[in-house]
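The same chain A turns up in both complexes below, where it pairs with chain B and then with chain C.
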Partner chain A sequence: GFPIFFRKIFILQLVELVLTYNFTDCDFKNIKDIYQDVIHPELNVYINGVSEETFLKCIFIPDCLIKIEHFTFKPIYGCASLAKETFAKQTNATLSLGCSGYSGIQINNTQTMKKRRKREVKTDKCLEQVSYLIELWRRFSRIS
Partner chain B sequence: MTPLGIALGMVFYLLQAVSGESGYAENGDFDDAEMDDYSFSCYSQLEVDGSQHLLTCAFDDPDVNSTNMEFEICGALLEVDCLSFNKLQGMYLIKTKKFLLIGDSKICVKLGRKSMTCKKMNIVKIVKPEAPFDIRVVYRKGANDFEVTFNTSHLQKKYVKELMHEVAYRQEKNENDWMHMNLSSTKLMLLQRKLQPNAMYEIKVRSIPNTNYFEGFWSEWSPSFHFRTPETNDPGEMDPVLLIIIILSFFSVALMLVLACVLWEKRIKPIIWPSLPDHKKTLEQLCKKPKKNLNVSFNPESFLDCQIHKVDGIQARDEAEGFLQDPLPPQLEESEKQRLGGGMQGPNWPSEHVGISPKSFKGESSFRCLAGNISVCDAPGLPFSRSPDCKEGGKNGPLLYQDLLLGPGTTNSTLPPLFPFQPGTLTLNPAAQGQSILTSLGSSQEEAYVTMSSFYQNQ
Partner chain C sequence: MSADIILQISSSFQHCLKVYSICVTWNASEYPGTNLTFLQRLSSNETYRPCSKYTLQQGYTAGCLLEVEKDEVLYFSIRNGTHSLLSKSLWISSYLKPRSLSDLSFQWHQGAVTVTCSDLWYKGLVYEIQHKSTFDAEWQSKEAKTCNVTLDSLDAEKCYFFRARVKTLESSYGSDTYPSDWSEVIRQQRGKLTDLCQEKRLFPNFILIAGMVTFLIASLLLLPLWKLRRVPGMHGPRGEGFAARSLSHSASSWQEWIKDTQNVAHVNKMEDGEWESIPEEAVVVQLAEMPKTAVTSPVYRQTAEEEATGEPGQLPRQLPQGGEVVSLGDVTFVMSDNSYVMF
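Moving on, here comes the complex of A and B:
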């Protein structure tokens, strides 16, 4: 019954904890340089001057990177295509390059080029997500 | 078979280890270079056309036969795995937005499908900025310097924004004597004192990435700008207009000092510090044009042999005239008494001034002395036309002393008469008169001086 159900959930959370990368063994300075000169301009282009106040914080440097990975690649209701944006791919490459043992997120890079490009729709939810990312990256840049 | 296989394996292994990979990159990542004939170098230019980046590669040896040669880049790309270069006049270019700008890429020289040589390059480490442009030099006279400004397209770019600029300038006649200065901004001040005056200078600028992440090479030099330095380079040199003003002021002051010294005694000092009149000298001045053989003296003893008529109080002009015309006008006593009683002032008498009325006398002077002795002579304004003759005066009648008009402050009662006037003919006893004169003169000498000074003022 219920005890079995809760036990399964507990086991799944343990597995997730084990499988989640902790971003402790990373070249934080290199990641910070890439963020300042490459990722940050891309995020500003995406958000296009729309700034939203967020209360999302991260305390430790690995905590910031965990949350950055979460908000960058985890699809959520209302914003499912953020992982295909340029800044998301750059974030994936940055974390793969700067953190030993991090395999990165498998993003399908090969796409069929169409004559008419389908424009990505920037939903409000996606803009909100990017605002979170900007704040997390800013926090990471300050404490690293 | 097993030993043979092992031997072959070792041979192949050794061959692979010795052969290695070709590669020399401009950033110096690789020391060895395989296939030196096909060695090449590349540089990248980010956002050169909007958001598109440009990657340019070329063989190091311009004489290499590049027919059928192609370049290909793989890795660190967005959405694709590999991209091919375009060939243009011996160089290979690729313009695309698909550079990831993170991580290394592999660039290979291909002959058909065969890779002749490959290099691992990082696009962000071979960045060559665009050349600066619009360089200007403006001379600032007030600051004695030259303001150098230039522009760069990287100010509006998204990625490589921070650059280090190198400014080089030289005097045109010194061909290889370039001066270099590094700066991170697009404005520079050149001090005038560090440049030669009245000389032509050439100046140019180039840039290189100056960020923690992007690295690369110097850009091409900007177009040169030529300017000429002003002639005067002496900070201590004065403005000519100011110099003229200073010289004129100096000479004006010197001229004023000279004039002041020259005119001090005669003009300036009397105005600033007027001297009190000397009564003797005043009277002497009155007798400026003495006649011959005239001695002016106020010594009473000089008049001992003169008939002096004592004047009692103030006499009017008319009475004096009448006295001159008539030896003993009878109405004179009455008029005199009236005057003495009624006061001193008449319609013709000046109220403010004290002096001798020239109209009081006509004709010859009644004041006659011995020849050579005269007390009141031809003074300006005085009616005496000639010196009196005491001897003649004694014969013709009474003598008339000059008429003295007193000021408004004096009354007949307060002022003792100098020479008390007595009606009738007065014939002076020289001895007695002399003594009385001396006495009266001694007592009223001060009044005489005061009165005479007043007369002088009136003149």
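Moving on, here comes the complex of A and C:
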């Protein structure tokens, strides 16, 4: 009953922990250059001058990339997915190119077709997520 | 967050001390004459600590100076007693003002110069070099991510001014930072540091030639006028006085003529103002070489006639016939080809 259920949850979390890429084996300078020239302008286009009083911090370089990946590709309530946005695709490509062993995120194209209408809707939650991303990327570029 | 409090935040990195200095000042218009308190912490797990170095304005707290060892998140709160007026968290580097650059060096090579300096310790910066010549009104800028900037198409013979500063990248620090102050302006000429610029007179050739031509034309026009001014005048002064200006001779030839005629008796004025009587016989002097260019001045003739009336001891008025008459004050000459008669 319950013990079996919780055991499965525990195993799944272990698997997720093992499979989560740790972003330690990356060309950080290359990733930073691409962020400054390519990803940063797209983030500004998305945020479009909206100033969010949000704050999120990362201390070490791999920690920053882990959180960047999380906020870019992990859907949350109120912001289904930013993965289809231009800056997200560029982030996926940059991390795949710059980090040895990182396979990137597989984006479901079927979902893309169904949710095309909603893609362009920028919810407040999505703007908040992107504000977090901007803070994380800035911190990453200062320390890498 | 209260909209009535205006914050001004700036931070800088002290290279000698290896610390970040942050200055947070506030303007709380609704709380004049009130000592607001500033509480801060560097971690969400810590408790707030009061500011240890306040800045004052008119005797009341107006800001807080902080020093931290690294770029961290600052959590702070401004309170009036126990009531929190504002709470905020920010990266210290978000309000960074880099220090100014001071160790510029120059390497000239084939119409270009490379300006270098020591890169600052922190990343995400862009170095801006500006230059202009003595003929330029505006500065020209070039930027690079390291302090190593090459400026092309420069003439090393010209004098150039250079200055530099460093700015933060918006992609790394956001838009609330400040550029550094400009470095000192440095003059360079012929590949060397100089205090004064020595520019060649780069007058266009045509201006030089036109100026010379204008000068020559003006000289040619003015020269005849200048020569005319040197010719003695044709009319002497009115009234009494010496009337030798009526002659066309130069002063030197006139002096020679005087020497030649020095045996002629002169009319001398006596001490009592009367004129010495002269012999009735006219004095005749042989003047074989005397030129006949003397011109009789009608003014002096008239003057002589006026003086001739009513004065004792004057010369006889009846003049010999023929010849040219010349009057010099009270003296009258009648000139002929080879002689003259003085009266």
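Miscellaneous remarks
Criterion: the second predicted complex is superposed on the first by the 130 of 144 C-alpha atoms of A that agree within 3 Å, B and C clash if a C-alpha of one lies under 4 Å from a C-alpha of the other, contacts with A are read in each partner's own complex, and residues count from 1 in each chain.
Operating definition for what follows: a residue touches a chain if its C-beta (ideal position, glycine included) is under 8 Å from a C-beta of that chain, and two chains touch if they have at least 3 such contacts.
No experiment lies behind these values; they were computed from the predicted model shown.
After overlaying the two complexes on the shared chain, residue contacts for A:K89 are found with chain B alone; chain C is out of touch.
When the two complexes are overlaid on their common chain A, residue A:W137 makes contact with chain C while staying clear of chain B.
Contacts of A:K57 after superposition on the shared chain: chain C is touched, whereas chain B is not. By the touch criterion defined above, A:V45 lies against chain B but remains apart from chain C after alignment on the C-alpha atoms of chain A.
In the superposition on chain A, A:C79 contacts neither chain B nor chain C. Contact with both chain B and chain C is seen for A:Q36 once the two complexes are overlaid on the shared chain.
Contacts of chain A with chain B, set against its contacts with chain C after fitting on chain A, overlap at residues 36. Listed in rising order, the residues of chain C touching chain A in the complex are 1, 71, 73, 89-91, 93, 122-124, 169-174. Residues 35-36, 40, 53, 55, 57, 135, 137-139, 141-144 of chain A touch chain C in their complex. Residues of chain B touching chain A in their complex: 76-81, 100-103, 124, 158-159, 211-214. Remark: chain A residues 33-34, 36-38, 41-42, 45, 86, 89-90, 93-94, 97, 109-111 touch chain B in the complex.
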